[in-house]
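By written order: A, B, C and D. Residues from 1 in each chain.
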Amino acid sequence: MAIQGVLRPGHAQIRVLNLEQGVHFYRDVLGLLETGRDDQGRVYFKAWDEQDHNSVVIREADRAGIDFFAFKVLDNDTLLHFERALNDYGLETSRMPAGEMLETGERVRFTLPTGHLIELYADKTWVGNDSAELNPAPWNANAEKGIAPIRMDHCLLYGPDTAAAKKILIEVLGFQLVERTLTPDREGEIALWLSCSNKAHDIAFVEHSEPGKLHHVAFQLESWEKVLRAADIMAMNDVPVDIGPTRHGITRGCTIYAWDPSGNRFETFMGGYQTYPDHKPITWTFEGLGEGGGLDYAHRKLHDTFLTVVT
Amino acid sequence: MAIQGVLRPGHAQIRVLNLEQGVHFYRDVLGLLETGRDDQGRVYFKAWDEQDHNSVVIREADRAGIDFFAFKVLDNDTLLHFERALNDYGLETSRMPAGEMLETGERVRFTLPTGHLIELYADKTWVGNDSAELNPAPWNANAEKGIAPIRMDHCLLYGPDTAAAKKILIEVLGFQLVERTLTPDREGEIALWLSCSNKAHDIAFVEHSEPGKLHHVAFQLESWEKVLRAADIMAMNDVPVDIGPTRHGITRGCTIYAWDPSGNRFETFMGGYQTYPDHKPITWTFEGLGEGGGLDYAHRKLHDTFLTVVT
Amino acid sequence: MAIQGVLRPGHAQIRVLNLEQGVHFYRDVLGLLETGRDDQGRVYFKAWDEQDHNSVVIREADRAGIDFFAFKVLDNDTLLHFERALNDYGLETSRMPAGEMLETGERVRFTLPTGHLIELYADKTWVGNDSAELNPAPWNANAEKGIAPIRMDHCLLYGPDTAAAKKILIEVLGFQLVERTLTPDREGEIALWLSCSNKAHDIAFVEHSEPGKLHHVAFQLESWEKVLRAADIMAMNDVPVDIGPTRHGITRGCTIYAWDPSGNRFETFMGGYQTYPDHKPITWTFEGLGEGGGLDYAHRKLHDTFLTVVT
Amino acid sequence: MAIQGVLRPGHAQIRVLNLEQGVHFYRDVLGLLETGRDDQGRVYFKAWDEQDHNSVVIREADRAGIDFFAFKVLDNDTLLHFERALNDYGLETSRMPAGEMLETGERVRFTLPTGHLIELYADKTWVGNDSAELNPAPWNANAEKGIAPIRMDHCLLYGPDTAAAKKILIEVLGFQLVERTLTPDREGEIALWLSCSNKAHDIAFVEHSEPGKLHHVAFQLESWEKVLRAADIMAMNDVPVDIGPTRHGITRGCTIYAWDPSGNRFETFMGGYQTYPDHKPITWTFEGLGEGGGLDYAHRKLHDTFLTVVT
């Protein structure tokens, strides 16, 4: 089969400082669909065009940030394969039982050298996107409730030793390096964009001293006009915006960075090219990230917040 | 590795009735870049954002149509693997020597039950998309010469026994079925859309009595506004249009079908969702293809030309 | 004052065969806001971004079509001025009393040689577009209910002696001729587009043997992406589409023609240039209307329905 | 006639520090068409879709800024009318002879209390937009050379006593007030947007201590996607960007502010609603200009440069 192994980003569990404020934001402003609440008080959401039960989970906590980020793998044999491969590589794993998250099967967990908890799982209940079984319409009313992204698309994580994380993702989990930013001395990499698919990125990292930090979780929109609509809805709802609307030189995506009410950055973006394993990674210098437009192609500058504000 | 096996549509060889007219169309109107001519008189093109040497090859002939459609595979081991798997499945294959096509390695050929010659290859010279090696711009002047698609994206082939072709593509080559249209009695499938990637389709088939027929080769655009621009450029150049601008209910793509000067249909389209191996195929009834908007969502009718005009 | 005299299309009264079906269509599918019903059983609507009380009025009748089309003029002095000027020109006028239409002042009526009843009025109650009085948002939820045009924009009327109608609109009411299509012998004009503003058209005519016929009332959308959204919503609601999405060569507008449940054609369109009194009228030949793309720039043909289907 | 008096912004004469750098920018980056050079060394440009000979004139000088901004009026009777009306109002006028500017008739000049030299003229040679005389195409290759705006659209001027300027524009020249921003104490107006047409603005003012200052000259684009394209072209050409892409809450226009090589700010924008004399002016508080999103709807802040950087 052409696509196997790790399929796609599956879910992100995000900490919010106030649950109902978080629900209001993720459901009514970002426009995800609430799909459940569990007895730990967590609230589950999916984007309107996603077909599995959930992709974003929020829980109330004293500190914002990300608890874990998960990838769906092809099947349970694949899950077992990766579990063993991680162990063989020298990484400890643990299993979260099926049902610990609503409508989600067993999850294999491990911690990247960057301090981030990553999960793999094979099963999540199919709930569909409300399309008819035959002759489905291309979209429905949910596609216009709030910002209404199509999917939870990727995340950008900050932590130390991203080189080691990259090695694990590529060598053990089969990701490919799509783009990268060099350190100022051009001898190392300060930022990495990795894909397990044809998308320009499924996960990204920036080298950072503090482990386990979240830069943003990203949500995909269909068009540049939807990015403008997202900006309008952010303004109508007093959502603080960090950067954009603009284009990222890196990945070519067209984007807004903004913050949820707890200070977790999120991205709404469209575009970016299709990547393949035979494509060479694209390289940005450190100056390229800033003045070269890697981060903000319209403004060609390294916004202060980019390297400093994380949760 | 997450993506392996068959990577993507690699090249299509199209027959044109007049070579220079064909060159004018594919280069100046469609806006592909001419990358070479060989001693057989064939002319090679690539889309501006493609990185390999060629994706469309035209040759002059008495009859329009498609000579062969090829997929790039991950590497030569994969090529050998598929060659054997095809043989094991009972299909004869032959090898075309490296260099028989410009800048292209050995190709493994076989004929589908639908009468289409399909090729697999692992090597084609990387020529890039004229981006800088460091800090590349998102596009360049080539992106605005003619219609200027991003890539040659897929084809729709007409022939008998598409069920057998589907079986080969899925079982031997690892494709997945993404969408399908049922026969009027709902007991069989009259049309199939298959993917070897996250794209909604890399190849498609319609059941047809005559073997080896081409319905269209498709070229991807970035946006619905680029589809309008394509329509304008078609009008400015007297390109006959078949259907569109409209949306296909099937794949959700937004599209124009038109004809090259030799009568080969081509498509310029944008959009369509991302698919994954765990997604269920989407099913259209035969009425769904027409009145249900599968073909033309705006008009909801089965255009006469759709089932009858092929080359 | 730079703009005076006739300001803009103000209201159209359209006959529908079934009132509740009509209300469903104009309110829930086209997405106009219902603003009132009167004791004659008429139902009043406005587009979300219009500021006066109504712009579309429907009434149930045995026969579809248009009762009258009205323009708002600057003030009551202007109304009186035009009334006298029409009389001086030799046209009979009559006054409809204030309040005969909801929230609308006195209307001066006259019949064009084409057989269409035209009204002028100076007063209609300002109801606003639901924006805040200070620091208004650019749009609100009404902008996404149904197709949700910005405004009722213009109409295209069919009838005899359009040359005489043109003369009245230009010489008496101060319109300018913006575009025109010649008769096949190029000695006369078969179609006329006239403006009282910077818009490419506020009213248009096609020469036709039967008087008083409606080709379409047009509604303006903000973008080509909104035209696609309109097509999708038409499909979702089984609205029969005549032509489009496509571009009109004439006016450059990007458009869909479709029919309401009673068979009245309507248009949803975007774009078109800004015109000024010092611009020369643009001329299309009769072949230009069809093969030249005047009607349908993508397809360059004269659709049969264009000259034959009116209400 | 519905539109008479002042028709539209006609030309702006801008001072640049280096002529050839200026020509490169206005021609090759902004994408205006060079239409002539005069014996004073001035270089003339027009936007591709403008029909008169020129709309932007640059001259080399020691100091950047605007020499004068001109409006085309309906005809020479109108020009004479306004000349007398200005004199009657107590403003001195002077006449620049026909031909002093290339292909331009006599110009009546006067100075606004804000210190800006304004011109009125009735004649400028019609050169067209390269369309065919019959059955014109909607655009041509010039529409894709550089940023390629449709037109020079309006300007924003900074100077003292904008209240007096407003009075002249409204009472003598027939403009209407479309939007305004109040001073912090809400007792006066700090910014004004005025129209002589259906456009949301043809000229704008901000109260400022220094007279005769230029904030920006604005150029109109067709779509939000063209605004993204403009941002990309600015980046590719190292054009410094001030604000955007974003939406102005004021006028709803979607915009980029950037600087030419001499430090003159220019705007490339799309959108904005149609205004009419019976519409009430829209009012923004001073906080509304900043935190209310009047300037930058996505970011809702008063950028430092907005009130301080002018030429």
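As a working rule, a contact is a pair of C-beta atoms (placed from the backbone, for glycine too) under 8 Å apart; a residue touches a chain by one contact, two chains touch by 3 or more.
What you see is a predicted model; the values in this text were computed from it and never measured.
Student: Using the touch definition from the top, what's the fewest steps needed to get from chain B to chain D?
Tutor: 1
Student: Please state whether A-B or A-C has more C-beta contact pairs across its interface.
Tutor: Between A-B and A-C, the larger count of C-beta pairs in contact belongs to A-B.
Student: Among the chains, which is located farthest from chain C on the basis of C-alpha centroids?
Tutor: A
Student: How big is the gap, in whole Å, between where the Cα atoms of chain B centre and where those of chain C centre?
Tutor: 43
Student: Between chain A and chain B, tell me the centre distance in angstrom, where each centre is the average of that chain's C-alpha atoms.
Tutor: Each chain's C-alpha centroid was found; their separation is 31 Å.
Student: How far is the middle of chain A from the middle of chain C, if each middle is the mean of its Cα atoms, in Å?
Tutor: 48
Student: Using the touch definition from the top, which residues of chain C touch two or more other chains?
Tutor: 137-138, 223-225, 232, 235, 247, 249, 293, 297 - these are the residues of chain C that touch more than one other chain.
Student: Tell me the shape of the graph of touching chains, choosing from line, ring, star, complete and other.
Tutor: It is complete, because no pair of chains fails to touch.
Student: List the residues on chain D that touch chain B in their complex, please.
Tutor: 137-139, 144, 223, 225, 232, 235-236
Student: For a test of understanding, state which residues of chain D touch chain A in their complex under the given definition.
Tutor: Listed in rising order, the residues of chain D that touch chain A are 224-225, 228, 231-232, 234-235, 238, 241, 244-247, 249, 254, 256, 293, 297-300.
Student: Using the touch definition up top, name the residues of chain D that touch chain C in the complex.
Tutor: 1-8, 49, 51, 72, 74, 126, 131, 133-138, 150-151, 173-176, 195-199, 222-224, 247, 249, 252, 271, 273-274, 276-280, 282-285, 288, 292-294, 297
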